[in-house]
Structures are given as C-alpha cells and as structure tokens.
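You will see two complexes here that share subunit A, one where it goes with subunit B and one where it goes with subunit C.
Let's turn to the complex of A and B:
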C-alpha cells in the first residue's frame, strides 16, 4: 500500500512539470464542464464576437464601412489579440480568487506537494486555449465578412509564432505578478484584474494608435511590453498596414523583438520577486485561507 | 418619539435599526407594513455598504471610466463628430446600471444560495418580492451615484457638449428606463434561482452582447429596424436612445423612434416587467422548492 502510493511521487516527472500539467487539466475542467460542449462553444464564440462587433459597428457608422482603411485592420487585430490579455493574465490571477473564495481550497492546494507558481501558470492554460479559440474565431469572422485582408502567403510566420510565444509568456508572468498581489488583497480582489486589463487596453495602443492619447499619457504605453507585442503581431500578419502608423514606425522588427524580450525578462524577474514576497507576507498574515464572502 | 412606537413609524433607517430593549414588546408588522419594512431593510445594506467601503466607489467609477476613455479614443482615432464622444460617456455611465442589474439583481439569488442566505429568505415570514424590490431600490440609489460621477468626470475630461431639450422628458425617460430595467432584473432573478455554477457564466455572457445590441456606444438606429426593435426588449436600449435624443444637439436625427413613443414603450415595459417578476418569482420559487434547488451548492 505504502509502495503503491509513494511510487508515483518518486518516479513521476519533476514537481514543477507535474504541478503545471495537473493544474492545466483542473483548469480545463473548471472552465469547460459547466455546460455541454456545444453550449460551451457558443459561449466561447459569442463573447469575443460581440466585443469585436461593437468596434466594427462604431467604425462602420463613422467611416461608412470603409474596411479597407489601414486603421480598421489596426483596430480589429489589436482587439482580437487583446483577448489573450484578458484570458491569460487575468485568468492566472483569478485562480487565486477562485481557489480561496469560491472553492475554498487554496489552503489544501498549499498543503499538497506541488509548486504553487507552476500550479497557477497551469491554471492559465485552459484560459489560453479558450482565448486562442476566441482569437481564431474573431479573425476568421473579420476575414470572411469584413474584408480583413490577411494573405497567408505573406504572413511572416516565424515572427508571428515567436511573438505569440513570447507574448503569452509575458502575459503569464504579468498574471503571476497580479496573483501575488491578490494573495494580499481582500477588498479589491474582484476589481484589480479588470482594472489592470482595462488600463492596458487603453495605454498599449491595442485599439487605436498611441498618438491619439494625450502626449503626457503616451510614455505609459512605451514602457509596457504589451504595446510592442501587439505591434509585432500586427506587423507579422499585416506588415504594411501596421507600419502605416507612426507610433513605432521608426523601429525595425528586430529592434521591436529586442525590446519585447528585454521588457519580458524584466517583467519575469519582477513577477517572481513580487510573487515570492507577497506569498511570504500572505502566509505570515494568515491570508492564505481568508474568506471574505464579498 | 415615544418608546415602543419606533417600529410602527417607517422613519427609515432609524426606526428599522433601533434595537429593542430587553423585555420590550415588539409589535409585529404585517401586510403592507411588513412589505415596506422588508424593502427598506434589504435596501439598507446596499446603500450603507457603499458608504462604508468607499474604495469600492473608486473601482466602480474607475473601471467604467477606462472603458469610456478607450471608446472615446477610438472615435477620435477615426475622426468621429464630437457628439459621439458624448454618446460614449452616457453609454458608459449607463453600463453601471446594467452591471448592477446583472450581478447584483439577476444573479443575486444565486449568490445568496451559495452563501446560504436564500433558505433564510424563504423561511422568514416576508415577501420575496419585497426582498427583490429592496435589492433594486438599494442598487438603484447606489448605482445612480456612480453613474452620476462617471458622467460628470467623463464629460469634464472629454469636454462633452450638452443641449437638453426637455428636462421633464429626460427625467421621465431616465426613471421609466430604470424601473423597467430593474423590473427585468427581478424577473431574471427568478430564473437564476434554478441555476447553479453556470449562473456566473450566464451573467458574464450577458455583458458584451447587450452592450452591442443596446447601443451603449453608438446610436441604435445604425441597426436595421427589426434588430433595433428586438433589442428594445432591454429597457436601456430605448432609454439610452431617448436620452441621447434629449441631451445632444444632433441626437434627434440619430434617434430610433420618437421620444414620446419610447416613453410609452418604457411605461408599458415597466408595468409588464414588474407584474411578470411577481408571477415568475412565485412560479420559480415553487419549482425550486419542488426540485430541491434552494439549498443545493454545485460549485
């Protein structure tokens, strides 16, 4: 009996990987099994399409549906890929609230032989998959019905895949940072993720070029890695369109990749340090199993 | 005020909260008095809670303002006329009401079930309709304050020009739209009685699609007539449309129906939704009891 229970722990994959894999499975179950697959698919389609449709209607009213203009592709693609920000970053941090307040299992998670940061990142996998589905559907809708011109032969695939990979990692690190902060918060935990996501939506040029912002607000966008990530994704998919706007036109793709990597590295170090500090404080103050019932 | 009469006079909130002294005889309220007391008692924590946790006010105002700013800058990026910025500010302020109805009215009974309060509501000798009305009243007062702050700050930040053509009609539209909206929230609350962990997802799903269909950020006239007419089942659709017609110089040209027709439709919806809420609540409560869903907790 003892042999049977201890054997898997001794021979299984490293703790980090095991925590990540099991959390990914758990996250998928939580996110998807509240409804049958068809209803879940409909749910996953309606939300992102409605969000995109708001922008499309606003745009078409003012421009008489001039979907050929470069600004349309800029807005549409920025909005589509921004879905990852909400899903990955907010998703990872939301796992803290979910486990602590809703399921009341956070203390048991801590008691289990797992690596907690890896567990949190794993919980974000399901959100990443759902987000990828939503991004894909949104772009497909744009290509099929809104004359969004993405020529698959002209897409810079290596740049796209690399940017996507780095971007998702960067968002996961931001999620980890936020999760750490949420471990210490009780009162504002519901609004913090949304506040950060909302601020990023506004300051990163996701749906309008940064030049539209007042000049004193633009520097905020320039220090955020999401700004460079969205620019790279746009350039890789519709290069000539993205380069029509002056915001980052002075930078080559290589320079943008360099900036994104540097900011991602800074963000990663910051996320790990902040998370460890917050986690330590939360344990000292007995906040791991706090239930506020807000 | 004489001792022993405090519970008879509906001087809210003092009369409701004044503790009874040991041995003092409590006069039981019944009928409309109990109904009114229940309404006020349920409204009380919503209004006072808002004052006690002032930092919530920051998040409740700050988050909608971020969305408002983002949509304003989109309009500026595509060089939209100035009044569209005003449309966004007013629409953004009204999202506070929709979010309140969605998360604090419709899904409230689900949260109460999760917390274990729902059974107590049912057991207590008061009307569930009064509890829902209290939630609506409390939410309405607190949310009006938030919406007002969003409107003032948004208008100041983005220099929105207003030209109000009729204050009376504006007041009527605003009031009727909210009565109808909260009536709808009370109706949908009874549906949420039957839901479990899927409730959160349904409430979440009712955000962006409703922002789209109700024209929170653009005139509903942009849709075809039948789509706009269908979307009008949500009171905020007509409410927003009428308000825009009444407060913006070019609003009337972008209106879906005339303000008078929209006021009539909102009045009709107010009556129908409140009556519907009463009937549905009674039916759903009975069904939930029969199916044993009032105390279930499937997280």
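Let's turn to the complex of A and C:
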C-alpha cells in the first residue's frame, strides 16, 4: 500500500472535538437505526406520552381533574423535563456497556488516540436529541389537551435556554460519573443509569415539592443540582406558578442560577475524579475488554 | 539498536475472586519478562493458550496495567505516557467478531480512521486499497452484521493496518480464518513490514508454521515466562545435535511414554493418539537410541507402521524447552487458559 497523496493525511481538528463529533455521529447511527422511521417516530412520541398519561390519570383521580390548579403545571413540567435525566445520563453511561458487551469494540475505541470522556459525552448527544423531541411533544400535548398554560410571550427565554444548557451539561457529567462506575461493573448492571434516574425522581422535586418528603430525606434533594435545574426551567416557563411552592420559593432566579452553577461545578469535578479513578481501577484489574456475558 | 518495544522484569498477577468466604486466588499471567524488539522487526510470541501472550499485548497496548516491572513502546512508558503510546500503535485480536454491526464495512473503518485523525479522503483511499488486499472490496457497503465471522475478522485486520501505526500488535490474527485467507494475511503482514523499515509488528500465535514462516525473531512463552528468544533458525539450531523421529505405531493405550523416556539417549517423547494408531515424536541424542525404542515397542507387542527422520521444527524446540507439546499444555491447563 502506498501512502503518497497530494492531500493532507491528518486533520488539524483538536482531539477533544474529534472524539465528541465522531461519537455523536456513531450514537445517532445507533439510536436512529430503526428499520422503519415511522415506527421510530411513533415510539419517540408514545413512550413519553404514556409516561405522562400515568401521572395525569393519577392526578386526575386525586384532584377530581382540577387541571387549573398551579400544582398541575408544577407536576407536568417537572415530569416532562425529567425525561432529560434518564435520556442523557443513560445515553452516556450505556455506551460503555454497549461497546464492551454488545459490539466488543471498547478496547479498540479505548486504545485509539481519542479523549475517551469526550467520546462518551458525544455518545449521549443522540439520546439528548431524542429526549428533546419527547420533552417537546409532552409539553405540546399538555398545552393542547390538558389546559397547561404556557404563554410564549411571558416565557423568560434567556433564563430557559441558559438553564437548559447548564442542566444538560450537569446531567452529562452525572452520566460520565456513572460511565466510570460501569467500567468496573458487569453487563447485568446495564440499567444503572435508569435506576439512578428513577431513584432521583423522588428527591429532586420533579413531581412534588420536597416538603412532601420526611424531613430527614429532604437534604438529599437540596444537594442535588437537578432540583434547582427543574425549578429554574419551571420558573422560566410558568413563572409565579412554580414560585408558589414552598421548597425554593424564598430564592430569586439569580440565587437559583448561582446554586445550580456551583453544584454543577462540584458535580463536574466529582465526575471527572470518579471517572478517572474508575478508569484506572479498570486498567489495573484488566476489565477494559472483559466481556462478562451476563 | 533502536527498540520499538522493550520490557524489563514485566509481571502481571490476576486476583481471581472465589466464593464469598474464599480468599482471592492469585494467577501469575506474566513473570519477569525481559524483551527487546527492534524497530522494523516482525517479532513473534509463540506459546499455548493461557501462556500470557494476550496479557503481554494488553499491557503493551495500554489496556492493562502491569503489577511489576516496566514496558516501553515506541520509546514511551506504557503506564506513564499512555497518550503518546496510543498515537503510535494499533491492535487486532483474532477470533472475535467486533464491530458496529449496523454500520457498513466502510463506515466502521472510516470511523476508526477518523479516531486516529486521518483525513476523510485519505481514510477512504486506504480503506479501498486495503479491502482489496484482503479480498473484501466487494463488501465495502455491506453492513458488518451481515458478514461472517471470518469476513469480520478481515475487516478488523484492515482496521489495524489502516492507520499505518509505528507498532502494530496482532493477537492471533489468523484465528477463525480459512486456510487461503490465513495465507493471504500472512503474506500481507510480511510485505507490510518489509515495505517500511520503521514499521514494527508484534504477533502472537500458537501456530508454529505462522511463527516460523513470518517472524524475524520468536519468543517462546509458557506459564507467563519467556523460555527462549531468537530467530527461528537459531532456535531450531539448539536441536541440531539431536535427531528427531516421527513414528507411527499401533495404539499405545496404557503403555504411555514413560518406558521410552527412561531409555538412555532419549531426551523427549510426545505421544499423540490418532484414530487407530499412535504417533510418537522422539527427540534423541543419537541415532543409536532408536534401537532401544524399537525394542521396547516390540516387547510391548506394538507394531511400527511408519518411521520418518525429520528436521527440527519450532514445535520440537517447544517440547525441548517445556517437556510437553503445546497441545498437551493446552489440554492440561484448559480451565486456566482464559487469561
């Protein structure tokens, strides 16, 4: 094989960007690999709507279908945006299991000269996009059929977009942390991302204010950045409705942004440290390319 | 001499967890390995399954940390300068069907080429050229899930060569390939190294012919230790003063090899039971020792069906060093061979 060519052999693209871009491309190829695009679209719509429907039915029975009450918007939006928690965290952490156990490519990806954390974050992009579609559909359904009141002119768009951006980054870092843990775990732990997302559902004020929890459990919610992110997203969309609930009513938007940024920074440092430690342990124990076959 | 690979007293111990009440057991996969592979060399690691070949490759490719000693690849420490090592290497493991099944052959290879920073045009040019070499060019747009294990293996071999690494590691590359494909791969491997004196290739195999045919030098490894390291010719030269016979006899059954090994002038005996007869591989100090072997067979009422004097092979070198054939070692250590 001759290597002579008039074009440059190597690109000047930074390693970090290259790793992220290629992983995002791969993730999209995997996630969108449905034989029938129509079925893919139906699945992406029906799954989140079914999940929301369960909640709406329960709410309807308990409140005798009082969809005008402020708590409905609180619950419905919290539940809708919580879709991101499962999608982004699982999308990133699942890539470890998928590459190692299913495609058996982890060792080849890992020993390539890429930035592996950036690769994992890139693998989560497809799930983020699918999650965004689901969130949008869920909210649209609420507005059209359940009298969910979102006045587009009243929406605090800068706050919404900023919160969404920081929140997704924060969830990605949580996904990276879980990905590190999965480097040390066997195939049967594939659902770790969803399990953690499920557990956090109770502690982040997604569907009820933290005051509903026993007092000794509330601190769990207060140290989780997801709690502040959901509150900010709700406030940016429905303003005073969200502020009517006791958990974070005493805080201004700016204070909440500050707390979210600080906790996101802490989470990011924690994620990188835990990931690097787990990666080192996986190399020490020879787990990078071990197919567990569970 | 400039070394592409160097190891000093390299060791690796695996801790195997037993039951909840059992203490973890230790499995020594590598012990005190000292190797130097020169730049431009095609170097072979020859040993039975479970000998430590894959463990050594995993350490050299930064997938696994050693528990003792040090190793350098392309001049960089594999534990401290991981990024520098990874920019200069690639690896292919045989006998596995890795790859993103939903991507086509071209997409799989293109993505990995991009991981190494190759431009898209250069990646596509190399993909076409290499697929032609391995006879996979007509499947370039086939989803890799639709390929047989052997064809997937060919795709992975292309993936390894695609980035034109300074040091390429091939772990049993011809496993699961048919005879013709194995021959083509061996020929390409040799040509690839010969084309550019800066390219180095480390190959593990348990096929004697592969090591003998391809490698400039071979290290024979068993139970994690390097027993000998030299050119195939020099390794075989160790046995030049010995004489080697291959003897087909009526089934030995319970007679075994012990009566022959006790005979004066008999250095090593390997027994391979076949369908309806037995094969004895004899390493003798002198031709004279053959008469006592024949006498022992006759007294045990065994008949000689065929007798052939032959030149030593690497298999004989292995038997001489270990005391058993590679086949016997693999059978004896089958449960431990997973590392």
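In the analysis below, the second predicted complex is superposed on the first by the 280 of 294 C-alpha atoms of A that agree within 3 Å, B and C clash if a C-alpha of one lies under 4 Å from a C-alpha of the other, contacts with A are read in each partner's own complex, and residues count from 1 in each chain.
Everything below uses one rule, namely that contacts are C-beta pairs under 8 Å (C-beta built on N, C-alpha and C of every residue); 3 or more make two chains touch, one makes a residue touch a chain.
These numbers come from a predicted model, not from an experiment.
*Asks:* According to the stated criteria, A:198 is in contact with first (subunit B), second (subunit C), both, or neither; which is it?
*Replies:* It touches subunit B, and subunit C stays clear.
*Asks:* For A:154 in the superposed arrangement: first (subunit B), second (subunit C), both or neither?
*Replies:* Neither partner.
*Asks:* Scan A:36 for contacts with subunit B and subunit C and give back first, second, both or neither.
*Replies:* The answer is neither, since A:36 touches no partner chain.
*Asks:* I'd like to know which partner A:103 touches here: subunit B for first, subunit C for second, both or neither.
*Replies:* both
*Asks:* In the overlay, answer first, second, both or neither for which of subunit B and subunit C A:25 touches.
*Replies:* After superposition on chain A, A:25 lies in contact with subunit C alone.
*Asks:* With the two structures laid over each other on chain A, which partner does A:207 touch: subunit B (first), subunit C (second), both, or neither?
*Replies:* A:207 sits against subunit B, while subunit C stays out of touch.
*Asks:* Now for A:51: first (subunit B), second (subunit C), both, or neither, which partner does it touch?
*Replies:* It touches subunit B, and subunit C stays clear.
*Asks:* Taking the stated contact definition, name every residue in subunit A that is touched by subunit B in one complex and by subunit C in the other, in rising order.
*Replies:* The overlap between the subunit B and subunit C interfaces on subunit A comprises residues 103.
*Asks:* Along subunit A, where are the residues that touch subunit B in the complex?
*Replies:* The contact residues of subunit A facing subunit B are 34-35, 43, 46-47, 50-51, 53-55, 57-63, 71, 75, 102-103, 187-188, 190-191, 194-195, 198-199, 201-202, 207-209, 212-213, 293.
*Asks:* Can you list the subunit C residues touching subunit A in their complex?
*Replies:* For this pair, the touching residues of subunit C are 14-15, 55, 58, 61-65, 83, 86-87, 89-91, 93, 96-103, 107, 111-112, 114-119, 121-122, 125-126, 129-130, 133, 159, 161, 164, 192, 195, 339.
*Asks:* Touching subunit C in the complex: which residues of subunit A?
*Replies:* 1, 3, 5, 7-11, 13, 15, 18-19, 22, 25-26, 29-30, 33, 103-105, 107-114, 280, 283-286, 288-289
*Asks:* Given the complex with subunit A, which residues does subunit B contribute to the contact?
*Replies:* That would be residues 53, 55-56, 59-60, 62-63, 66-67, 69-71, 73-80, 84, 115, 197-198, 201, 204-205, 207-209, 211-212, 216-219, 222-223, 299 of subunit B.
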